[in-house]
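You will see two complexes here that share chain A, one where it goes with chain B and one where it goes with chain C.
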Partner chain A sequence: MQSRLPDRHYTLPLAALVVVYLAAIFAGFLAPYDPSTQSRDLAFVPPTAVRWVDRSGAIHLRPFVYDGERPYPIRFLVRGAPYRIGRLFSSERHLFGVDAPAVLFLLGTDGFGRDQFSRLLYGARISLFAGPLGALLSVAFGIVLGGAAGFFGGWIDTIIMRAGELFLAVPWFYLLFAVRMALPLRIEPQEAFLMILSIVAVVGWARPARLIRGMVLSGKMRDYVTAARALGASNVQLLWRHVLPQVSGIALTQAALLAPQYILAEATLSFFGLGVGEPVPSWGNMLAVLQRYDVLSSYWWMFLPAGALLGVFLLYYLLADALHERVAALPG
Partner chain B sequence: MLVGVSFLTFLLAAAAPGSFVDELRLDPRISPETIDAMRVRYGANDTVPGQYVRWLQSIARGEFGFSVVYNRPVGPLLWPRVRNTLILTVPAMLLSWLIALPLGTWSAGRKGSWLDRVSAGATTTLLGIPELLLGLGLLLVAVRTGYFPTGGMTSLNFEDLGAWQKVRDVMVHLVLPVTALTLVNLPVLVRHVRASVVDVVRARFIQAARASGVPERRLLFRHALRTAANPLISLFGLSLAGLLSASLVIETIMSWPGLGPLLLDAVGARDLHVVAAAVTCSTVLLIAGNLVADGLLYLADPRIRPERA
Partner chain C sequence: MRRRLAALTLALTLVFATGAGHASQQQAAATEWLVSRADVGRPGGQLVVIERAEPRTLNPILAIDAPSREILARTTADLIHIDRETQQPQPALARSWTVSPDGRRFTLSLRHGVRFSDGQPFDADDVLFSFQVYLDEKVGSPQRDQLIVADKPIAVRKIDQYTVQVDLAEPYAVGERMFDSLAILPRHLLETPYTEGRLARMWALGTPADALAGLGPFRFRDHVPGQRLTLERNPFFWKTDRAGNHLPYLDRLVFVFVPSEDAQAVRFQSGEADVTTRLSATNFDVLQRDRGRRNYDLLDIGPGLDYTFLFFNLNTVGPSDAPQVVRRRGWFQQLGFRQAVSLAIDRDAIVRLVYRGRATPLWGHVPPGNKLWVNRSLPRPPRSLDRARERLRSAGFSWNAAAALVDKDGQAVDFTIVTNTGNTERMQIATIIQDDLKQLGIRVGVVTLELRALLQRLLMTHDYDACVLALGAADGDPSSEMNVWLSSGGTHLWHPEQPAPATPWEADIDTLMRRQLTVRDVQARKRLYDRVQELVAENLPVISLVSPSVLAGTAKGLGNLRPTIFDHHALWNVDELFWRGRPAGATQ
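== the complex of A and B ==
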């Protein structure tokens, strides 16, 4: 195992994740339609076929789609529904699209005739960001609480660790829904996003806190920490400059491990109608229609968010694996 | 510990803004006086610690609080749900161990063989698939093939069936959820079994046994697996936590009337006592599982038994 180059290992999943996240950020530009525009007469339309060869056998230079008998070429940088990227930038240009009577549903439509491809991109904004941000937040909680517990010891340690045990004793999904109970039932999608962040952070702080407490316990015994203390460094200085840097590798690996779990938490909450609500798409609530028997059996493209979830999961696990190897390979 | 968990969940549930009566308030047919009377009857005007103490008292009576949605004590609602969850998780647990032990041991004994590589690939893939998607995938298989019922615990004509047919009916409904749970649990177990057996196989006494001509199979399953048993028994308790969590999702997707759907409905309806009782109950199951694991460990390993004077 030593012969492997650890750096190579994580550049690939990291690069792939960056691409996926960029796609999510620029969803407005990449998606041909607005995610909540409905066309009720086009419910559950299968993916539109993009062709180069028309019915008479002639090859077209531009890919096109049929609307009835007439071919419509796919145009690039077309004007369409307005969108914003972040709060700064708003535009009406989309990367591609077709002229009005024709439709371009790359991944089909859902029950309200909304474009799956656009919804998948917009949904990624919520699904992909809630997980990692939640993971960072709960690792941050873990660092603060676990660090304090390990560093100060005594009754602070006892209280924090007992509280942590309470959170670890409840099966994870049960705890998730119990915490969900503490928050109002019907809320705005933006608030829902923040809510999910706080839920997963509250649910998940205990495990990283434990790990970090252990690291800090052994870390504060190092000779150089004792030396710094003898030289008169304050507690805060000691923690910040000398003890916590030892923990950073573990914290990063924990965050990479927790992120997919939290992405799943968001998907599960939204799937059961307790997370991000319609009309804002998230991968979880897009999958929720599969609870209907007819949808489950007939419309395969409604499974695509599941595929997207799986892909992102795989990338995160690869990343966590690589990080773990790298941290383990570090001396000390 | 349990008191702590019950208090924590109760606190979370009680902190919920909005309560069951708020929904009723929207209904113009119900007068404000009735609602106030209900609030008094359910003790919604008490302080949170007061409510908690009352809830504990009702646990002592075996009622586990009062469900405002079903308008009856929680206890009778809870028991059949707990039973149904156990009907799912216990077979899934047994099945995954029965597969994981031989599979993990074999692949440890033949490190690097095709069997080892196939099982490593399969477990890694399964680990990456969350239970939500696994459940949906299996449902799809059920719908496409039509061999298995797609949800519920019993068929529509369940009441008319004879005793034997009833058992068969439930068994058929069990196939999918148990498969899903087994697949969730299996990869973790296989990996751990393999890792601990690999550790033991390197030991000197195994080499000695091999040198004295003990057949390989006997070597693995009799000598190595036994020595590796300790961490595996502890794993039993740990894997239970994952299994219970997965069970919540699988039960809900496959509409199996266990604890999971009860909890979800209660969260949706703001049914405070049901939420607190369901979460506490799942924790009790988890702790009971860990107790069983400790008991097994005690039986399996004389070293941890306290010395008798």
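== the complex of A and C ==
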């Protein structure tokens, strides 16, 4: 009964996150334009106004946009740039769009005249999946190493935990520059980015490992673990059947906390030119243009990806919070 | 004017009366002033100038970084100076000079009564000492190269206390220009360190002000690491205005170090600095739109001397290179391929999107800002994807079912453009080229590398496909670009340090560049360099893209401000600058 209440707490953020991730997966269908198509005469165009009322005051049932004097209705399921979803499915149908020469830039365009809304959706593919991937990697390494340190103790514990401190102290950022330099130039931008993100995640094992080690340390002292040991259970059995289940809640909470941090890491990497290369969009490289003073001071719609980032962060933290409550509410 | 005449008469009498050699003390009163033709101004105030980095040294012998050279140009003087407005040689420490008919002997008469900024007199011995230092291989001065003519160092002889004679092994086209920016050193301060071999360690940034001296309009005062360097007026400077006032007018010249272009714009906008000369076009736009501005002028000085270009790796392949590398170089070495790339690039879009129209598209490597040397008859083929496809087809390329460009063996054509991190403009240019070439079915990746790593790839390991980079000539004279165009040059970027020219056209360029260096007649030199520009445009070792305009911002009320596109832009005549209304300058 006790755990019923927190359940509802996390269904909402979880459902919202699922919607966001689905939008990212179906970016091709939802986005009206190809994310890398440049409309060079339309650089830094503010968001297109979608109207229901025309200049003569008449109300239209179908929303429309103006191109000069002429109104163009927004059409649904229109033909446009071809796209693929995964490797399975390719199409030219987009959820909505307008006929040329009118344009529909819901979030304006960037410095090359590329549609920000389409880029935001496509960019989510990279940014949103960078988060869980990074979190998964570092929590997995954290469980293995932290679990081993806590369970076996002694010199294994000392070596692993001192190594963890070393990892926390090393300035990884410079290492990343070196790694990018050492990588061959001809590598798909997504691959290069995944590789760098994986490095960040793997070297980020130390923090979750500390936490897990603490849990394992207290877990292995419990009476039923001692009892199982007395009954002749092997180390592997003990870890697998009795100790790790206690850790799973913490690990999940950690992952939910770390995921937005790795989404942010993607933004930071892009900021320093280590992220996904042009022309592939990501929220990080969309935000990276804000380091230019002219963009920062002149084009407010370039901030919009930050809003999306903030929203996703909030959902993840709500989820982590709910998970945390649930873990705390668990018996034992 | 009367005062100057009086001074001259006095100087002449003294020379006749005492002869050269032992009259330096009395001649103090008899300085041969150089009279500026600029407007007469008011003394006082300080000028705060934005410098993009901290200078590495205050040692004029070894300085190579731009900030050091820009600051040292204010504290030192040369014998013959190239006027940054007229591009003509004009007297500086040498009040006059003669050239022998064969162009191999320069005789320079030095200005009498000139003193270093510490009050010590200047004469031919300082000049001799300076050349000795610059020419000494052990010292390793970067200026040494410009004093080597036909592989022989120039010979400098003292005729008397105020006359020196310079002999060249061959007539040297650059002539008087070789003296420009060559700082004359104080022998009384540097001779001992030189003989003791300590010269390289002298005049580092922490040096106290009284251990430094120069002949420029300003002298070193103090330096706050990471923040600013202050120069103060040199009371011994050898120029006056037409009213006989001693120059410079300004009391202090403060250089503040602001590394990023954006931070420079912000600092200037907020009034913390009076002069900034490297505004990007986008920041120029922002400052222009700022309605609140009252106290600054924005100046578009016009097309500059920098040129941005794309070049392919044309290094010859070795037996150890991977087949992938060999294949790619094969594409790049085909002229048709490079022509197609050049035809596909939308230079106007680069000008519009990256530089907001404040740049000039280029089809040759000499930008139009370099008025004396640009070849105006180079063809300017307009962008045409059809003609680009035609070139590719006749070079043996074709397109597969997915519309990707493939070579003779059916391999898809793709390559990577590298450029340096921290330069948003080059990054944007690369992104535009990437999209242009997508139209031809070529997949292009864009990678940024930290500058040092990039240069190592370009010049040492040759591990890259193509690169977007910019070069800029300090004074526009072709002699300053020998290292780029000679096939043996260290910055012959696409294929550096060739033992022998790899292609017939590179051999032709070598011959032309060497010839133009020894021809005295300017018209003949121009014809030779025009041909070099034609050869480069025909063979496209570099695909010239764009030349950005020089954009500056200055506080209102600066008199005699006449910025140029040549180096030091607004500061070249800093000795003549003055504050009209308020003798204040930005507060620091």
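Definition applied: the second predicted complex is superposed on the first by the 305 of 332 C-alpha atoms of A that agree within 3 Å, B and C clash if a C-alpha of one lies under 4 Å from a C-alpha of the other, contacts with A are read in each partner's own complex, and residues count from 1 in each chain.
As a working rule, contacts are C-beta pairs under 8 Å (C-beta built on N, C-alpha and C of every residue); 3 or more make two chains touch, one makes a residue touch a chain.
Quick caveat, the model's predicted, so the values are computed rather than measured.
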item: Partner chain in contact with A:Ser90 - chain B first, chain C second, else both or neither; value: neither
item: First (chain B), second (chain C), both or neither touched by A:Leu314; value: first
item: Contacts of A:Phe177 with chain B and chain C, given as first, second, both or neither; value: both
item: Contacts of A:Phe272 with chain B and chain C, given as first, second, both or neither; value: both
item: Touched partner set for A:Phe112, first chain B, second chain C, both or neither; value: second
item: Partner chain in contact with A:Ser297 - chain B first, chain C second, else both or neither; value: both
item: Of chain C and chain B, partner touching more chain A residues; value: B
item: Which superposed partner A:Leu287 touches (first chain B, second chain C, both, neither); value: first
item: First (chain B), second (chain C), both or neither touched by A:Ala43; value: second
item: First, second, both or neither for A:Thr158, with chain B first and chain C second; value: neither
item: Chain B and chain C contact sites that coincide on chain A, given as residue numbers; value: 177, 180-181, 185, 272-273, 291, 293, 297
item: Chain B partner contacts - residues on chain A that touch it in the complex; value: 162, 165-167, 169-175, 177-185, 264, 267-268, 271-274, 287, 290-291, 293, 296-297, 303, 306, 309-310, 313-314, 317
item: Residue numbers on chain B that touch chain A, as the complex places them; value: 1, 4-5, 8-9, 12-13, 15-18, 127-130, 132-133, 136-137, 139-140, 143-144, 150, 241-242, 244-246, 248-249, 252-253, 260, 263-264, 267-268, 270, 272, 275-276, 278-279, 282-283, 286-287
item: Interfacial residue positions of chain A with respect to chain C in the complex; value: 36, 38, 40, 43, 111-113, 177, 180-181, 185-189, 272-273, 277-279, 291-295, 297-298
item: Chain C residues touching chain A - in the complex, by the definition given at the top; value: 261-262, 265-266, 280, 282-283, 285-286, 289, 346, 349, 352-353, 414-416, 418, 421-422, 424, 427-428, 430-432, 434-435, 445-450, 453, 463-465
